[in-house]
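Labels run A, B, C and D following the written order; every chain starts at residue 1.
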Amino acid sequence: MTETDLVAISPLIFVIALAMLIIVADIIWPDRDDISTGLTVAGLLVGAGLTVLVAQSEAREIFAGAYVVDPLTSFLDVLFLAIALVTVLVAPDYLRPRGLPMAEFTATLLFAISGAMLISGSRDLLVLFLGLELLVLPGYMLAGYAKRDGYSTEGAIKYFLLGSFSSAIFLFGLALTWGFTGTTRIREVAASLAQLDTASALAPALLMGLALLTTGVAFKIAAVPFHYWTPDAYQGSPTPVTGYLSVGPKVAAFALILRLFVEALAPIKADWTPVVIVLAAITMTLGNLVALTQDNVKRMLAYSSIAHTGYIMVGLAAYAGAPVGSEAERAGLEGLLFYSVAYAFMNLGAFAIVSALQHRRGVTSQIETFAGLGRRAPWAAILMTLFLLSLTGIPPTAGFFAKAYVVLAAVQAGGWVSVLAVIAVLNAAAAAFYYLRVVVFMFMRDPPETARPVLTGTMMRAGLAITAVMTIFIGLVPPVTSGVIEFARVAAEVLLVRTAGG
Amino acid sequence: MSGFLLTAAETETPVAAAGATDMLLVTLLVALPLAGFALTALLGRRLYTKAWVIAVPVMIVTWLIGLYVIAQALGGAYGEEGLHFTLYRWIPAGDFTVDAGFLVDGLTAALLIVVTTVGMLVHVYSIGYMAHEPGRWRFFAYLNLFMFSMLLLVLADNFLVLFAAWELVGLCSYLLIGYWYKRRSAALAAKKAFIVNRVGDVGFGLGIMAIWTTVGTLNFHEVFEALPEAGLEPWMITGIALLLFAGAVGKSAQFPLHVWLPDAMEGPTPVSALIHAATMVNAGVYLVARTSPIFAQSPFAMLVVASIGIFTAILAASIAMTQTDIKRVLAYSTLSQLGYMFAALGVGAYFAAIFHLMTHGFFKGLLFLGSGSVIHAVHEEQDMNRMGGLWRKIPITHITMLIGSIAISGIPFFAGFFSKDEILGESFKLGFGWVWFIGVVVAVMTAFYMFRLMGKTFYGPSHVDPHVADKIHESPPTMTIPLILLAIPSMFLGVAIGWPPEGGLIHQWLGPVFHEAEELLGHELEPYAIFGIDGFLLGASVAVAIVGMVMAWRYFGFRVPLLGAEVQPRARRVEVLTERFRGWYDASFHKWWFDDLNHLLFVRIGGAVAAALWWFDVNIVDGAVNGVARLTQGTGREIRQIQTGRVQNYALGIAIGLLVVAVSYLVVTPR
Amino acid sequence: MSGSLQSYLILSALLFAIGTFGFLARRNAIAMLMSIELMLNAVNLSIVAFGAFIPALRGDAAIIALMVMAVAAAEATVGLAIVIAIYRNSRTPLVDEYDRMRQ
Amino acid sequence: MSLPETVPFLGWAWDDLLFLFFAGALLGTGLMVVIGRNIIRSGLWMICCFGALAGLYVLLGAPLIAAAQVLIYIGAISVLVLFAVMLTQSKSGPVGLVFHHQAWAGALAALGIGILVAVVVAGTAWPLAETARTPSPTEELALLLFRDYVLPLEVVSVLLLAAVIGGVFLAKREREPEETIVPAEPARERMPAPAPAVGTRELTP
């Protein structure tokens, strides 16, 4: 451990320190939500600044090659910090009326984010696993954060039990891979796998390890048929937590896939490509089909997030299915990263609106809650429409380009992956139906008699503003779009250069 | 920001006259309605009864700017290629770059004439029509948003912007059809329109993707230049063309995706006039015309376009003859006329198609607004069996609708005559005799059902509810003035731009646009011969129009405007048709022939076919659309059963998933 | 027998299967948690076995095994806290009765 | 006195006998954990299971891990689990309702996974493995821990901290919050107080 190591990893240390600081502050000034929230918001902004500063210098491996700070790390770290920021801005309006404290919430959230940041730069299987645990354990607690609410704890226990089950499976996969290659360092794993005889069959233990790893990560990204926990955990969680759960752990799990599958297991990508293609296809389709039948908006968005996992996996499949060294490989990864950014903001925005509506206790997330919103709270209705249109993939929103990128990458990759492109387009068309159903309720139904005005705090408005601006700007304003794309491209190239170099 | 704003495309140098002013004005053309939408949406509720004070003036200014741009474009100020400039680089991602660019050429200008004029008049009309509607700010906001989208659609210079606008007009149409959402039928109709359109959009989207992957650009001009040189297999060109056509079929409501348009009449009548008659439904025709260089490379795709077009024309016309809801007659009529346009596009008569699009936009807009005025007068009654004798009470509506009906029926020298005759004549001369023949049959039906509509509504004894009858009065000036203003082009537009045949203004305007497609098709037209084949074709179509019209008079009554003579309707005549017609037409062969044909067509076969087609439409096509929706939802409902809520079930699912994945790695896909 | 890597790995696989069975079959949340502990221990056994038979992994294995234990402890803490919280709400530790959210 | 080279009568190496003993104990106790009807007994069986595992670790030449196993698992985790069992079993906890009705399917799936993994690990020629065991030296371990694995070490401490903070929050009993005094809203999203009877279900919200 040297000074440069510490400088390079300073954003991560900063986030952890911030979490501890908030706990200490809460002990000194108990029950002061404003202090915790203010500290967190300021801290996250500083942390983002720090990440950008660190990103200016050369990419380097630190901690004896266990961690790396490269453009991909920076790209993902900034995204994670933004996700945390929006979540913290949205949360008080929901938590305060329910008597839930902010301090523990933000601290737990920051621990989870530090886990995500650990994954983003991890170059070691053990660090990867620990990062994953640091990501998901606070996630379980956040899901059960409304501990007096039966739905919240029910979602949490389901999430916890199944999550731990999948963690054990994932760990077994890691152990087999590790035992086979004899190293935990990702670079050396890749080098060891690259030396394998490409003509003959792989060792069964390696394939079994691959199967266990696939199952583990497929669970974390909520790919069908490992998605069961998603609807229950999402519906039960306090709404701001649902927003976070639907993007934070998902994007972090994709970061894990990038570091593990795209980097360490790249030499044997021909073996896992078919499974990814099949999983992507059924994930998109099933997510959409079931979302069609939902009457609870949170649950509908949960299924829709499964469908979005499928779209992101199309990008992964494009990378995996493309010939090594081809342009489509890069396009696929770029699409995956771009989609993650667009998805993070539009989905957080949609959940933020649901949170805002549930400002008063006892307001459900049933679709009837949205009836006549266009009349009652035009701004909320317009923003919700924006997010839903973006989720549908209607141009010129961010969601449209995200879909366009992954689909075009899939077409470029050719072969079976191009079939995925067609499935994705068909699914996008079907998805319009259930997203629009909410729009119908907002603009074409009368508000219920019992409806009371929607209240929003300043923080909530700031959170909504960030997500809305990003959703529009990524679609419409070229400097923003090209900035995100450039960033994604540089980040994607990092992985490709390294895998090509062995 | 200014760095990438308003830069003329480097590849093409617009002539000097098209300076920054023109670019600014074209940009304003889309920016103003958008601003109008934003302002109305934000301030709407405070404007209260005067919800229109922003939307309508904005539209009038837009119209004036539109007139200037149209004059410039058609006056040749923008050169043969048209004004083409890039607002900004929309998607700047390596090889996937798309510019938000505008293109104003003859075709765009032709569309602009219809879109801005009808749009402006419908806005004015809505002031009166929606006067008693609470919450009408919503209506005006949507209307402005629609105008923005539609103008963006016709001004786009590449497929992606076009697609964005395509989706936006669909969304606006959806919002406006469901405007009276408390009516369940309206909400259902809106949903149906959206779903059916999405089916077409999937095709359109795939077509755009196919274009991008084959030629690597989405700009219209670049695509048209690159496609013939890309060395594509013929089936690929056909595939791209048919995918694009799928989008057009959805938006323009052609068979088999036509089911949404009649239901869309649940929306307020100004919406029906603007979106579902004059503008949005034309987008499909515009798309096929705009991409004519692609279609021209595939004879098969052309054949498909022509067949679907002419089949929709006769299908819709036959149905229109039996409807009693005034707006539904007009809706089927719109389908039928759009079918004509596609038939024209399919045979390669591009000028005729756009010409008919323009004339139809005006006279169908007029007819719809007129029907709105009628509905208004008889207190929201749409059933023609409960109208009649209205001509005395609402004279302006009557006269203007009569003009519209004459125009659509193809009576010389009203607008529809020129455009319809050009479609039929060119079909025949280009060797599509069957298209011509069916087209002529449709012309008879058109004249018949339009004057049936006129007769049932305006002439003969009144069947209006006695309580309402006393209160019938002419609509306010905000409604009648647009009617009068639309009646003028319905009368004179044809002769103004369509005469002399094949040398009229419309040919000069659109010549450069369709030059490439015409060359690809290799069409060589004989010079127009009024005393030869053209005279015969013209005579034939006029004759059938008159026959249809006269028959309708006989059955449903008429009042000859200047002479003041009245033909009494004969309600029982349909039942005793055979004998009467035999006696009437015995004298001459032709008359006998028509007698027989009419008998056959309208009484026996016509009735049966119309009934069968109606049945087919309601049960099979409609049923299929609903069935797909039901099937999808049903599947979803089945699948959601696996979400039992029990952790053990979920865990078992994961364990089985793990086994399947492991077996697939170890057994199914080993190296 | 005791001198071959395979026998330890097979043992580990069997223990993993026992844990899996417990997780799939038991109704009690804490019993499920115990099953997960068994699974983690099975993995640990294979890790330590790798360390014993693969010279390159000698040191790594011990550290990884320690880390996995720590993770297991953290997981148990969180899991038991959640179990206690839900028990306060619904007065039953039987997980399959927590099925108010489904489909 | 020294032991004979091999196990008398059987001719096995002593290590093999120990392995068989611990392996048998491990699987037997493990099975008891998952099929035991009484959850408290299951917890006790789990402690035995962990003990057997510690024995195996010693056999594998990793006494440090064995010690940690005893300290962490038996000393901490098991006790934690037993406490939780006591906390949640006092009032209800019908002993008869141990298994889910789909247990047979679970058994099949677990058997499948177990056999598959066992066959696979047995059938693999581990490329780096040697036939002889090498004991892990403790000093080297310390060096590794603070050089190559310093990041994981730090992360684990953060992980434990996070778990403790969250665990305390979730498990701590709140004073009755004041909102119960405020007139209650129609609480569709909140759990009704009484526990549903076994086998009954409520409608999905």
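We take it that a residue touches a chain if its C-beta (ideal position, glycine included) is under 8 Å from a C-beta of that chain, and two chains touch if they have at least 3 such contacts.
Please read all numbers here as calculations on a predicted model, not as lab measurements.
When each chain is reduced to the mean of its CA atoms, the one lying nearest the mean of all protein CA atoms is A. More contacting C-beta pairs link the chains of C-D than the other of the two pairs C-D and A-C. For this pair, chain C with chain D, the centres built from the Cα atoms lie 4 Å apart.
Mean C-alpha positions place chain A and chain D at a centre distance of 30 Å.
Between the Cα centres of chain B and chain C there is a gap of 65 Å. Across the assembly, chain A contributes 126, 130, 133, 137, 141, 144, 147-151, 157-158, 161, 165, 169, 172, 176, 179, 182, 204, 207-208, 231-232, 235 as residues in contact with two or more other chains.
Shared interface positions of chain C, defined as residues touching 2 or more other chains, are 16, 19-20, 23-25, 27, 29, 32-33, 46, 50, 54, 56-57, 60, 63, 67, 71, 74-75, 78, 81-83, 85, 88-90, 95-96, 98-103.
Residue positions of chain B touching 2 or more other chains: 640, 643, 645-649, 651-652, 655-656, 658, 662, 666. The touch graph of these protein chains is complete, with an edge between every pair of chains.
Of all residues in chain D, those touching chain B in their complex are 100, 102, 105-106, 109-110, 112-113, 116, 120, 204. On chain B, the positions that touch chain D within their shared complex are 645-646, 648-649, 651-652, 655-656, 658-659, 662-663, 666. If you check the complex, the residues on chain D that touch chain C are 12-13, 15-16, 18-20, 23, 26-27, 30-31, 33-34, 39, 42-43, 46, 49-50, 53, 56-57, 59-62, 64-65, 68-69, 72-73, 76-77, 80-81, 83-85, 87-89, 91-93, 97-100, 102-103, 105-107, 109-111, 113-115, 117-118, 121-122, 126, 128-137, 140-141, 144-145, 149, 152-153, 156, 159-160, 162-164, 166-171, 173, 191, 194-196, 198, 201-202, 204-205.
Within the complex formed with chain B, the residues of chain C that make contact are 20, 23-25, 27, 32, 95-96, 98-103.
Listed in rising order, the residues of chain A touching chain D in the complex are 1, 16, 19-20, 23, 63-64, 66-67, 98-99, 104, 107-108, 111, 114, 118, 124, 126-127, 130-131, 133-134, 137-138, 141, 144, 147-151, 172, 176, 179-180, 182, 203-208, 235, 296, 360-366.
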